[in-house]
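Going in written order, the chains are labelled A, B, C and D, and every chain counts its residues from 1.
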Amino acid sequence: MPTPLKTAVVGVTGYAGFELTRLLLRHPRVGPPTLFHRAGEGEETKQLSDLFPQVSGNGSHAVEAFSWSQVRPENVDLLFLATPHEVSREWVPEAVRRGVRVIDLSGAWRLQQAEHRAAYAFQDTDPAAAERLTDQAVYGLPELNRKRLRKAQLVANPGCYATSIILALAPLLQGGLVELAHGVICDAKSGVSGAGKQPSATTHFVEVADNLSAYSVFRHRHVGEILEQLQLSAEQLVFVPHLLPIPRGILSTLYLRLRTVASAAQVEACLRDFYRESPWVRVFSPPQLPQIQFSLRTNFCDLGFCLADDGRRLVLISCLDNLGKGAAGQAVQNMNVMYGWNEQEGLA
Amino acid sequence: MPTPLKTAVVGVTGYAGFELTRLLLRHPRVGPPTLFHRAGEGEETKQLSDLFPQVSGNGSHAVEAFSWSQVRPENVDLLFLATPHEVSREWVPEAVRRGVRVIDLSGAWRLQQAEHRAAYAFQDTDPAAAERLTDQAVYGLPELNRKRLRKAQLVANPGCYATSIILALAPLLQGGLVELAHGVICDAKSGVSGAGKQPSATTHFVEVADNLSAYSVFRHRHVGEILEQLQLSAEQLVFVPHLLPIPRGILSTLYLRLRTVASAAQVEACLRDFYRESPWVRVFSPPQLPQIQFSLRTNFCDLGFCLADDGRRLVLISCLDNLGKGAAGQAVQNMNVMYGWNEQEGLA
Amino acid sequence: MPTPLKTAVVGVTGYAGFELTRLLLRHPRVGPPTLFHRAGEGEETKQLSDLFPQVSGNGSHAVEAFSWSQVRPENVDLLFLATPHEVSREWVPEAVRRGVRVIDLSGAWRLQQAEHRAAYAFQDTDPAAAERLTDQAVYGLPELNRKRLRKAQLVANPGCYATSIILALAPLLQGGLVELAHGVICDAKSGVSGAGKQPSATTHFVEVADNLSAYSVFRHRHVGEILEQLQLSAEQLVFVPHLLPIPRGILSTLYLRLRTVASAAQVEACLRDFYRESPWVRVFSPPQLPQIQFSLRTNFCDLGFCLADDGRRLVLISCLDNLGKGAAGQAVQNMNVMYGWNEQEGLA
Amino acid sequence: MPTPLKTAVVGVTGYAGFELTRLLLRHPRVGPPTLFHRAGEGEETKQLSDLFPQVSGNGSHAVEAFSWSQVRPENVDLLFLATPHEVSREWVPEAVRRGVRVIDLSGAWRLQQAEHRAAYAFQDTDPAAAERLTDQAVYGLPELNRKRLRKAQLVANPGCYATSIILALAPLLQGGLVELAHGVICDAKSGVSGAGKQPSATTHFVEVADNLSAYSVFRHRHVGEILEQLQLSAEQLVFVPHLLPIPRGILSTLYLRLRTVASAAQVEACLRDFYRESPWVRVFSPPQLPQIQFSLRTNFCDLGFCLADDGRRLVLISCLDNLGKGAAGQAVQNMNVMYGWNEQEGLA
């Protein structure tokens, strides 16, 4: 039995941080994680079961105020940051300097191109260092970047929308099937936990229930990730997110045109071939389509499609759990890849 | 055609204030109400349709910052306060001094007995004046206090839970049918708008959806109203509210024991007789029971019941819309009574 | 005061039929409608308030088994059919023969082109008569067909999805702004009442809640209506409906490319000009977008949009209540037009 | 490594049957279960992942039509029946005759007293055999009947409501704390999966959403179980179930009077002592109360309480997942007890 990995999580009190904590607590290759709440949540040490009564009866787990004194290679092999991007932008350089590997769940290190980073308006104290770290960061989508992840010091865990869209489009784009000039439409719908735990007018039950609304049309921050990973230009993508009256889950409906007439069998083969070695992507055969319920509380991204009679117009459906494959599950999958373990370890 | 009534509403931006505004805007005997937002919401004048896009296309209605200069008998016959109880406690004395009639939707003036008011911890600047006004205030439940309402200067609009419980119990208590020594159990369930529009951890969609929780057991502020109106002692009532994953509506399930064996027909007659002149209470005949959907977006309080075979154990079900009969609808009904109009005016 | 219109409704027990009944009961120019339940629901006469306890306390309204003996010009000026399309296909010819005007809420008479009707596989007993009636039927979208509706004997009330999509696209298409060769994408999301009241696996609460699913991709029956009314070819439109976990409401997100670069002001002007005389379409100014909640329980169709920086890629949002403007409200609006009344009569 | 247990499940297609199947598939001491759909669901063999796409990607599991030829001690050690009670009533005697142990999830074998069984109106072909089997059956609530379960041939898995209520009341009743003459009120609220998967008017999304309703007041079938297990008379219990607009979860609010004045510490001690050896009951300390979300998708029953200032009036809150501890989870726990395994095996 090898030594268990020493991990720490900052931001246990958020939705993604808590989900991650639950996964780490039952991961067979990971020791009990050091748990931190977020900056601004006080100095007090609390019990995880006081913060989340649903885990009471499963042992005692202290959640402490974050302290650098505990983040040293002797204590922590791998640090997970489930923190706002401003915090991640500030803390990651220090963690890396201390020789700790990092998986950051925020948008702080996902973007290579300055034009896309503009959406975040980062205020770096050491811009040169930040630039170097940006170059070094690996976008944590194992299905695309598996090899680079193995040696990564800093992994930028993808956005939930971005994961659902990139995984649906990558096979067809890389296979050269898509008529790029026509553009790709991404109509995405997400549950409310994607908006975080901070109470606000837009997450108030009465505003969300019995409702549906589009938001951030043409200007959602995840667009940059999608463009960079798929090597598309801004003109080639339209992305419209919608807020669903459900707690979790994303369904993205993608519309594109194929370069030449294809059969459903060819499209399915393209998807299946691409994900042959990827246990966390499920391809559905027509006419079956993914639904949000199918991937809830799993690390799966489910893909399905419908091809028009003309063999050109293609509708792709991509579903995942925004806290699973869209955040915490993917972070664990990234850890599995970084340490050379089976990708399904601790996630089945 | 008589002169339309001049009304003003403070707190248009809250759930009850907005509902009230909609009702007043279409009330045949009321002129265009003067609309104020709440203290602390800025000095800017806004359009109602900018605050609530659902009413756009229905004319222009300015919502201004509150100003005493507009609250004079020349401008305002009747002032509705949909404000926090601290604000109502402070503003009502001034409005009354100015000779304006007031319907206050908060808990500020509902309680006659000091022990019940303790739950609110009022900080009155002029305690003697507050005491006098308390004596003068009429509890705005028309089905019980119709006569006194006609001349009331200050009407304290009842709490939503209290309305549903008092209306269910009053007929049986006044009829002497209830074994008081046995006590009465009130298990109430409310939609989230009852908690107000202010975002908080308890109104976050993810915390409310797929959930049910009890809260404020034995110590909800509405208990005082119920006890006073029904002339019960604290020991005779158990009240447990629960938060339902729905936007609006209350269902109260009430458990009591009859003093002597009765038939279902007798119970039904007791309820029907009591509400013979009350158009806003509907009594259902067994085995039909009210459901929350039946009274949504109406001013009805629906009552139904089920009597055990022993003729002693009685279960009452009371449903209403917490923003209708539980707040704004009832305020309009109170206005109708205060001005001698048909109680259904503007509410059908 | 003119003589009230004599109306009858078949299919009061369904969601649209009940909504229509409620509207007719309060319409100032309509007498008490004759109410029929559907074929197959027994011979018994019931009270409306027994079928729908929410309307108890509002007088007595008998709901009878349908009988032709009551459908004669002496009794009925206007017959509403809220029946399955097979029933409408059979009954409308007989009603027209009897000299009664008809508004049919099903898909039976909406389609002029045989290729689109194929989706319904009608089995007409007298195909020639059906063909004549098809030619005569007017598609009941007042915003497009106001003039022809005035004299219509048979009005085919549009589908809910079709209404939301046609109203959004018509102004831009008629204005020649749309690059048709690029095609139009319609990503629509509907509440469950759109699927009807018949219980089924797809309307079971547990299957719908916490879920979202796409269905009938490329082959929903409403496609034909949209194509005919907008004079598009099948290749120019992609329509993907989704089932939302809400009781009612539709939001359609439409994606298209403009023929030439335009400004947001030009797009807004195009929409506003088109609907200048149409009180039931509201155009929102950017950046405000319609949400499902805004039009719930109204007869409004709300339109909003977002134009990309390139001035070419346009996203339109269209919201309505599938039982309001998408069914019963629109039927009443059609009646208003047919009889030369104000279009808002009975709907405000 | 001991030989894995050979199990079979009948009724995999229902909510409880599917939940049970998922638990058995990952139970470390159980081999791949033989899976049967229900009588009346055809003769065809299907794949579990075709019936439930959410489990695709987890291997191949055939679901066959039930056949007695496969239910012999060589093939099946333990048979789970997730079937309607009529089917269970007929099949269990045959299974027992074949020497197979049985856990039946229906209400067929839970009741010892004929007066309580009357609610089911069983039609036994061999009444004497049924009577013998009734005597032999063990009510499968491990916390109460652990010892008898170890040797049970037939385990009657409790009802979901009954489990939540019995577990809350048993400690206080056995401790002699409850004033029985006063009676006990059980106000219970359940998610819709408790009503089963068969579509009906009462499970239609539009009827359940935004609603709450009481049903089967005084006459729900689970009353008999509660009375028998707690040795109460019908007059001592009032049970009112309500249908919640959520997919799963039960919260029961119980009202009772203590025989003598007690402290909260005494009540808590009574509960904690009783469940000291029971890993699947969690007792919350005041003022914390259980909520439905806390026990969702677990096998926990969560208990909390609130004692009035008078030390006599007690409110108990009991939460569980109706498909977990209320059905499938409890069935697995019963299996664990029957075979002498750790009660948490396969459930953590």
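Keep this in mind: a contact is a pair of C-beta atoms (placed from the backbone, for glycine too) under 8 Å apart; a residue touches a chain by one contact, two chains touch by 3 or more.
Worth saying up front: this structure is predicted, and the values here are computed from it rather than measured.
J.: More contacting C-beta pairs: A-C or B-C?
T.: Looking at B-C and A-C side by side, A-C shows more C-beta contacts.
J.: Among the chains, which is located farthest from chain B on the basis of C-alpha centroids?
T.: Chain centre farthest from chain B's centre: A.
J.: With centres defined as the mean C-alpha position, give me the chain A-chain C separation in Å.
T.: Here the centre of chain C sits 40 Å away from the centre of chain A.
J.: Taking the mean of the C-alpha atoms as each chain's centre, how many Å separate chain C from chain D?
T.: Distance between chain centres, rounded to whole Å: 46 Å.
J.: Once you find the CA centre of chain B and the CA centre of chain C, what distance in Å lies between them?
T.: 37
J.: Residues of chain C that touch two or more other chains: which are they?
T.: 209-210, 245-248, 291, 293, 296
J.: In the complex, go through chain B and note every residue touching chain C.
T.: 53-54, 56-58, 209-210, 279, 282, 284, 288, 290-291, 293-298, 300, 302, 348
J.: List the residues on chain A that touch chain B in their complex, please.
T.: 15, 192-193, 197, 199-201, 203-206, 208-210, 245-248
J.: Which of the residues in chain D come into contact with chain B in the complex?
T.: It is residues 182-183, 185, 187, 189, 207, 209-215, 217-218, 235, 238, 240, 242, 244-249, 251, 253, 255, 257, 289, 291-293, 296, 306, 308-310, 313, 315, 317 of chain D that touch chain B.
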